[in-house]
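What follows is one structure encoded as structure tokens, with my remarks underneath.
Letters A, B and C mark the chains in the order given here, with residues in each chain numbered from 1 onward.
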Amino acid sequence: MSLLTMLDYAGVALFAATGALAASRKQLDLIGFLFFAAATGVGGGTLRDLTLGQVPVFWVKDPTYLIICAAVGIAVFLTAHRIEWRYHLLVWLDAVGLSAYSVMGAAKGLAITGSPTIAIVTGTMTATFGGILRDLIANEPSILLRPEIYVTAALAGASAYTAAQLLGLPPAASSAAGIFIAFALRGGALRYDWTLPRYRARPGRPADEALRKRRSKKR
Amino acid sequence: MSLLTMLDYAGVALFAATGALAASRKQLDLIGFLFFAAATGVGGGTLRDLTLGQVPVFWVKDPTYLIICAAVGIAVFLTAHRIEWRYHLLVWLDAVGLSAYSVMGAAKGLAITGSPTIAIVTGTMTATFGGILRDLIANEPSILLRPEIYVTAALAGASAYTAAQLLGLPPAASSAAGIFIAFALRGGALRYDWTLPRYRARPGRPADEALRKRRSKKR
Amino acid sequence: MSLLTMLDYAGVALFAATGALAASRKQLDLIGFLFFAAATGVGGGTLRDLTLGQVPVFWVKDPTYLIICAAVGIAVFLTAHRIEWRYHLLVWLDAVGLSAYSVMGAAKGLAITGSPTIAIVTGTMTATFGGILRDLIANEPSILLRPEIYVTAALAGASAYTAAQLLGLPPAASSAAGIFIAFALRGGALRYDWTLPRYRARPGRPADEALRKRRSKKR
């Protein structure tokens, strides 16, 4: 099994787990767990393969991915009640999955098109689409609209992998660099509330001040 | 016209009708009816064809599907005000469409890939994606998050069809078995509130009890 | 550069600008601006290419589109605070983008399939999907559910272009006719609140009257 296949299996399993945890928050039945695990697990890679023209998509060519999603969905259904901080676990698993998938998506995009721009975009898209889809069908506020670094971490991981490959590093080193950078950024955002400067319509407007205060109180 | 083509036309027409009924609940104009009828009618099959690599997708190859959607949209626009229980009708039409499409999706997946796993997944996906898309763009709570059996019925129908085909039954018998099982499950869920055991985070927690009581009162 | 390529670049840039303006309303960071600009800018064309089987999709074949989205996203991030009426600008840019894309989508559909029905559908779909996606991921009420003419304008533009092409007009004249009609309808809807007759469940019911009154007061 190649390094990239392993990364792919890992990314699918991690995102499937976050999907199943979202299903547990919604108190769905077992089939609901399987559905959320599969949609979140293979969603990002499906969009990547469709846009690159790699059809049938990866999970049609190799049903192992679906079996991984099903196994993860069942395991979470049976064990999630033992986990004290499920939302906490969800966002951290999502962080690891995002890191693996930012590299995996960039690698496939680079291999097929040879274009660094496309590699960075497919990496970012693959890493973020599963979580966006999960939040959308679970009717939760999208992770996109939260203040902390998210898409940025995927973009940085995909860019680091692509740059390392262009510099001629071996695939394992490029992958490690991409995963490390993506996870460091996303993990730091989760742990220390790292944010990029946000757009502010009217700096210093009283209404804005009030809004920011209300938000920081909520946390 | 083959059996599967007939099933496909029927599935598209039924889902198109549920889309148009959703448009009537939102009090849209005629074009809004056509849009919802088309998106709901061909959404599931489009995702099926894209992932299987069957492109151009079915409604590009045969515009009859679009004409069916348009005709259904116009018919519902002209007649829906005569229907007393439109939401009731919507969910029952959705149940029949889901049953037809679980078989149709599984048949196409099995014919193209030969894999039973893929057949079950494409059947489930085709049968449920139209309704998910309809709820999403109509900004209604997703049918996925409701307690009764839904995805499960599609999964059972697709599995029954696939199993019957593997056992060597004639296509008409396999199709009938799949449709019957899917509709029996979904119809039973609608009529008798059948549910699978739902995931419960902390069995017996007071908060959970209260939540369940509030829910059963609402019905 | 051909007329259609220019239209495509213009449509992408305009929709990217509406996506970035949506990001400014959500007070996202720069990467959030880039994400919304790219998703809104290329979303419609991506769905068009996927359903027509034109893969890899256009922005994979020609990364210029992504660079346009990034440039627009950065420009809006740096300048949007100077714009007094950002929502106003968003809907008008969306109107121009919708007009360009209804023709562009119809042209590609007609060129590839030769079917006028498909051309009209791909034109409408390409012109409206970007805005639908933007509203969905920004968690804003969908433009589909607003009372004024929207999908109708895209449908009229795509139909006008297709009809003009069938009548043998030169491409530039057909494009101009389609863009003009789509923009006249959508612009009129924005300026004068043009609507088509909406579906009314029970004409004259007191509840409906009350609802309508409440709505017109809100404006």
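Here is the rule we go by: a contact is a pair of C-beta atoms (placed from the backbone, for glycine too) under 8 Å apart; a residue touches a chain by one contact, two chains touch by 3 or more.
Source: prediction; values computed, not measured.
Trainee: I'd like the angle of the rotation relating chain A and chain C after CA superposition, in degrees, nearest 5.
Mentor: 120
Trainee: Taking all residue numbers at the chain A to chain B contact, is the shared part over half or under half, that is, same or different?
Mentor: Since fewer than half of the residue numbers are used by both chains, the interface counts as different.
Trainee: Please work out the Cα centroid separation of chain A and chain B, and write it as a whole number of Å.
Mentor: Their C-alpha centroids are separated by 28 Å.
Trainee: Enumerate the residues of chain C that touch no fewer than two other chains.
Mentor: 50, 55, 136, in rising order.
Trainee: With touch defined as at the start, can you tell me which chain A residues reach chain B in the complex?
Mentor: 23-24, 26-35, 38, 46, 50, 55-57, 59-60, 63, 66-67, 77, 80-81, 86, 136-139
Trainee: Could you list, by residue number, the parts of chain A that touch chain C in their complex?
Mentor: 50-53, 55, 112-113, 115, 117-118, 121, 124, 128, 132, 136, 141-142, 144-145, 149, 151-152, 155, 195-203
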